[in-house]
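The structure appears right after this line, and notes come after that.
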Amino acid sequence: MRKFFDQELNKLQESLLKMGAMVEDVIDLAINSLINQDIKKAGEVIKLDDKVDDIEVEIEKKCLELIVLQQPRAKDLRKISSILKIITDLERIGDHGVNIAKITKKIGNEEFIKPLVDIPKMAELAKKMVKNSINSFLNEDIELAKKVAIMDDEVDDIYESIYVELLEMLSENKDIMEQVTYLLFIGRYLERIGDHTTNICERIIYMVDGERMSY
Amino acid sequence: MSNRKLKDNLTKILIYAASLLTVGVLAWILIYITINGIGEISLEFLTSAPEGESGGGILPIIINTLYIILLTIVISTPIGVFAAIYLVEYAKPGKIVRIIRFATESLAGIPSIIFGLFGYIFFVTVLNLGWSILSGALTLSIMVLPTMVRTTEESLKAVPDAYREGSLGLGASKLRTIRKVVLPSAIPGIVTGIILSIGRIVGESAAVYFTAGMVSRLAKGFLDSGRTLAVHMYLLAKEGISFEKAFATAFVLVVIILLINFSANKIGASLDKTKV
Amino acid sequence: MNKTKLSVKNLNLFYGDFQALKNIDLEVESNKITALIGPSGCGKSTFLKTLNRMNDLVENVKIEGKVSLDGEDIYNNIDVIKLRKRVGMVFQKPNPFPMSIYDNVAYGPRAHGIKRKAKLDEIVETSLKQAAIWDEVKDRLNQNALGLSGGQQQRLCIARALAVNPEVLLMDEPTSALDPIATQKIEELTEELKEKYTIVIVTHSMQQAGRISDNTAFFLLGEVIEFSETAKIFSNPEDKRTEDYITGRFG
Amino acid sequence: MESREEIRQSVKNREDSMEENKLQNFIEKIVENIFFISACMAIISVAVISIFIFYKGGPAIFQIGVKEFLTGTTWQPLGDYFGILPMIIGSIYATIGAIIIGVPIGILTAVFIAELAPEWIQNIVRPSVELLAGIPSVVYGFFGLLVFVPFIADTLGGAGNSLLAASVILGIMILPTVINISVTSLNSVPKEYKEGSLAMGASHIQTIFKVMIPAAKSGILAAVILGIGRAIGETMAVILVAGNTPLIPDSLTDPIRTMTANIALEMGYAYGLHQEALFATGVILFIFIMILNIMLNLFTNKAGE
Amino acid sequence: MNKTKLSVKNLNLFYGDFQALKNIDLEVESNKITALIGPSGCGKSTFLKTLNRMNDLVENVKIEGKVSLDGEDIYNNIDVIKLRKRVGMVFQKPNPFPMSIYDNVAYGPRAHGIKRKAKLDEIVETSLKQAAIWDEVKDRLNQNALGLSGGQQQRLCIARALAVNPEVLLMDEPTSALDPIATQKIEELTEELKEKYTIVIVTHSMQQAGRISDNTAFFLLGEVIEFSETAKIFSNPEDKRTEDYITGRFG
Amino acid sequence: MRKFFDQELNKLQESLLKMGAMVEDVIDLAINSLINQDIKKAGEVIKLDDKVDDIEVEIEKKCLELIVLQQPRAKDLRKISSILKIITDLERIGDHGVNIAKITKKIGNEEFIKPLVDIPKMAELAKKMVKNSINSFLNEDIELAKKVAIMDDEVDDIYESIYVELLEMLSENKDIMEQVTYLLFIGRYLERIGDHTTNICERIIYMVDGERMSY
């Protein structure tokens, strides 16, 4: 039943999957270029994010089209409106990737004040959260969504510890000031990415259950 | 492809020929009667009584015919309309309705000669009404009853149920619904039924012949005997008394029928409330 | 909870051996629009007609259970004519009587014994105004009602129903014979009428139910599967079958 | 407090109207009974007609002997020979002749009116056919007597008063019945059928014969049966053209006497067993007609399903 | 731009003195669904019928302008019967003939001279399959088609139209007499049919036009106000009148 | 025509106006509490933001209800989907207000390293941008929307200059490190607020014209 609509919905979900993958790539690329201090790669992040923006516009357009042409109701509508919200978060995640890349450019070849351990760890987590949130959307897997929310706590903890550590380092050596603020911002961005994935997961739970839940 | 066209065209030719024949026969009858009958028509013919074997006019006969029409309609209309109302508005589908319907249809199929026989036995002899306008009218009333019932029924059925539901839905009673909404919409049909019945009465000969008798004078009352136009014509033709007068009578009959048909359409249309 | 106008308890209806309604429980709230939706033949019209006993006209109907109007059992010792005066009905196809616009509206009041011309005039005018058709017909009250357009006819029928001053209006797919513009006028009208009347409406169009109703009952095979606020039914139905139906994945 | 007063008032109102309603219900009941009795008039009529016809004619059949009556070929009331086989055959032949002439022409004309004729021609032909139905049967008979009878005498020999003349006149007389009912049933074929067929590229004639006539089948059959009824029951017109000799005809130009004619011709002066034999002829005619009615009933019921 | 199947140029149509279509220009694309929407009486059906010359049946019609099918003018020197074979039609009310299911589908091919039983059998089966009704009727091909439900009848009519192997299918409100579930089946069917056929559909329901069509033409008072992709018409129409109509703010 | 729908849409717009006003209050309160180092007031910000969140949920629910029940099309749908997006931005702006308030709490009574001039100026601008963006939505005033986008450039400029100034101050006095990062974050938050209002304005232009524009 409603074969055509279901097809369209599937296409939409595929696009979303693609967008998720792109966003993961953005994070990956951004962190890689940071770690490797590869300014060229940082430039690529910005280009990739433009693509994310394009696909967001596209998905949004398709969602509105489906709403206007197919009159989805109940769960169908919740699904589409979830997609509408999710892409905003994904797009924002992409932006934060760009923010990181911009910092990479600013840091340039300047040596790191410490080996980057926590930040890649956070990035890894963030990537995983993006992936999981998209997967939990596609499979309507509430458990997975809840796990993502738990992972976000972890991200927050790491950010907290980075913050403390950096300020400590700073109090020992005031020359690293600039890099410290940069790294702090990067931490902050990654933390925001975590928040955005958590938003996505809230959405998913609402979509599946029909009740809006707040974590 | 051309095979199909050929077949189509041959069929068309047949159809046109048949239609032409139908209309041709009608025209032929009308023209024939008119040409031969109109000569004999005169004011005197229409306003005087028959005389002797072949003389005189047809005034009393016209008046007898009117008597019979009037009486038959007065008797049959209420019965017919009420019966139709019962069938359409009250009857629950079931045995009794099926029997009533079958009876009505049978009545419609019974040939007039049988009505004549029956009228003769029952009204003339058993009820001892003699050959009279009344016997004739009673017989004809039974004969036209199916026409009355059926045309009224049809027009009642043609009244959309929506009207009934609408009225009942407003809290009107059933009788009120019938009186105020259903019957007014059915009036054109009822009038058509009456006019069709008149046509039948005017043209009927066999049944009247046996019940109203064939005296060629003016009936002095409903219990007096008197012939109608159709009977008059039959007798003139059958006995070969006067073909001229027979033609003239036929012409008068045809004109009356024409008038009836014409007014049936006009009156029916003018009463139609559903036309805006 | 708002005031209950009509309360249906454990209603069963049989046409001969066929059970058309099964264990219906439903409360119609005062001054709300209650929509009945469901696939064809699920018993919506049948249910609607039990509310003003129009089913009494059908052969072989057996009704069990209780329907009460303002707490009073309408199947027990009640005058059907009075009931129908209190519970008016508007039908799927506009069915004005073949008489003048005025007489159509005055028909009900006259049937209930009102004869004074002045009184009738007043009723006709207010009813037509309430039905939002006064301006369109005020100059031709004596013309035949069948000359109106479909949408006007339907509003006239609504006016006719209002003229007997009912408390509840039952509408059986009142717009299914109308074009979208006429439909919209009727929909707006119902929105306004609910201020004064309680409305129960059967509709084939889920969209319509969504647009105008406060509560919606979903019927399936003679049962009420789900009954709740329209917004709830349409955005987050409880029952899988309701969800399937309203999202078009049914059958 | 106030509301209790209101309730009391409304209860009282309701009681008042209950009184009023009892009266109204009573009137409604009476009127319904009047309607019912009217509806029964048809049953009563048919019953009374049947009873009286059988009562008057039945005994004669047994007195004469069923076999002698039905299969006897001699009708000589004065000689006490009451065989009505010639009349039965006359009626059947004349009816068959009428059908052969009237039915095809009638149906084709109906097709013309319902489908092919442009509107202005329809506006002429339809009323004409109605008029044809309205013309009194004596007029047909008279016309036949003065036109066909001499024509047949001149071209085919014989007296002209013949089976052929009767068939032609009856054929013409059943035309309106056949045409009117066929047109009605053709017109009541939903126009969707026609559109559907045309839209598939079927030609108009194909559409008429493959879809419309089959769809109107039962109506057309009913028309034919009614036509038969009319032909078999016709009296005065037949008398005028059939010759009325009570013999089984050998050819189309031989005279015939139908059952109806038998009754009408001799009723005036018959008495005793002769008169009863005429009533008995009526009984046979009546049975014929009843069989037709039952057939018609079957067809129209089928159409209703 | 896709291939044009039907091209209408400057079409004017008069019923007597009344101009029902005004200067219509429209291109129907191959293997697309083109929807015609607009208020009642705006000329949708009239326009549809000009595409297979069903208007020829109406008295007093005058048609100006050009309608071409695959570039060939259908009002000039063309065999109407051939045209109707190529441009099939499905009507508002399901109209199966009162004969068996088999005969209904075989009707068209027979009318076009196919007599071999084996061939007919094959056509009947494929047509019914294409119309997604084969499974429901395959065991009762000899039963009367009028015994089918409304939705089945309509699919049978589609099968019947497909049996003569048309290129274009015209549908005049094919679901307006059907319930939502039957409607949905038909809608899905059209989606599938467009792979092989070009479809032009008149619909009263904007929702339907939205759901199934690729292009939409909005008619008003005999004119085409706007014609473009359905998504465009519904989300961002050019013309104020279109916007008003599709957002329900019309008139 | 469509009176009922238009009424509902109006109600929705009123709610949006209310939400906008609340968000302005959040910014106002956050900056005031920062300037006056009023920790109690900072607590209020968080409470007020909870209300913003509530109203967001409410508006979103209403939007979906309207979509499902009233099948808006064309401009109507664009309007509703714009509202859906706008409230996300507004909610985020509120969050940034909370972020600021949280910093206020951290700074506590510690003396400012410099008189706060630019930050209140930015906040003032941000508030104005919020107000203008909501107004331009309600009046479908594209010109106003475009002005907001221009104001955002101003905000970005101020942020840039704050950044430079703070880092300069820092290079002179490494002790103020912590407050500098705090103030940097606040600047960053205000800058984000500006971005969000710009998003809103993009939306409005799309809504009115039907074309999605990117600035």
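Labels for the chains are A, B, C, D, E and F, by order of writing; each one numbers its residues from 1.
Note that in this section contacts are C-beta pairs under 8 Å (C-beta built on N, C-alpha and C of every residue); 3 or more make two chains touch, one makes a residue touch a chain.
In this text, all values refer to a predicted model and were calculated from it rather than measured experimentally.
A.B. asks: Along the shortest chain of touching chains, how many steps lie between chain D and chain E?
C.D. replies: Step count on the best path from chain D to chain E: 1.
A.B. asks: So, comparing C-alpha centroids, which chain is the farthest one from chain C?
C.D. replies: A
A.B. asks: Please decide if copies chain C and chain E contact each other with the same set of residue positions, more than half shared, or with different positions, and reply same or different.
C.D. replies: Interface between chain C and chain E is built from largely the same residues.
A.B. asks: Suppose each chain is reduced to the average of its Cα coordinates; what separation in Å results between chain B and chain E?
C.D. replies: 49
A.B. asks: Indicate the whole-number Å distance between the mean C-alpha point of chain B and the mean C-alpha point of chain D.
C.D. replies: Averaging C-alpha atoms per chain gives centres 14 Å apart.
A.B. asks: What whole-Å value do you get for the distance between chain C and chain E if each is reduced to the mean of its CA atoms?
C.D. replies: Once rounded, the distance between the two centres reads 35 Å.
A.B. asks: Residues of chain F that contact two or more other chains, please.
C.D. replies: Expected reply: 1-2, 5, 64, 68, 71, 73-74, 77-78.
A.B. asks: In chain E, what residues contact two or more other chains?
C.D. replies: Those would be 184, 206-207, 234-235, 248, 250-251.
A.B. asks: Would you please write down the residue numbers of chain B that are in contact with two or more other chains?
C.D. replies: Residue numbers touching two or more other chains: 4, 173.
A.B. asks: What residues of chain A sit close enough to touch chain F in their complex?
C.D. replies: For this pair, the touching residues of chain A are 53, 57, 60-61, 64, 67-68, 71-74, 77-78, 81, 84-85, 88, 167, 170-171, 174, 177-178, 180-181, 184-185, 188, 212, 214.
A.B. asks: So in the complex, which bits of chain D are touching chain B?
C.D. replies: Checking each residue of chain D against chain B gives 24, 27-28, 31-32, 34-43, 45-49, 52-53, 56, 104-106, 108-109, 111-113, 116-117, 124-125, 127-132, 134-143, 145-147, 172, 175, 179, 203-206, 209, 226, 229, 232-236, 239-240, 260, 263-264, 267, 279, 282, 285-286, 289-290, 292-293, 296-297, 300.
A.B. asks: Under the touch definition given earlier, write down the residues of chain E that touch chain A in their complex.
C.D. replies: 184, 187-188, 191, 207, 210-212, 230-231, 234-235
A.B. asks: Which positions of chain D touch chain E when the two form their complex?
C.D. replies: Within the complex, chain D contacts chain E at residues 119, 190, 192-193, 195-203, 206, 210-211, 214-215.
A.B. asks: Applying the document's contact rule, which stretches of chain B touch chain D when the two form their complex?
C.D. replies: Going by the criterion above, the answer is residues 4-5, 7-8, 11-12, 14-19, 21-23, 25-30, 32-33, 78-83, 85-87, 89-91, 99-100, 102-107, 109-118, 120-122, 126, 142, 145-146, 149, 173-175, 199, 202-206, 209-210, 230, 233-234, 237-238, 243, 246, 250, 253-254, 257-258, 260-261, 265.
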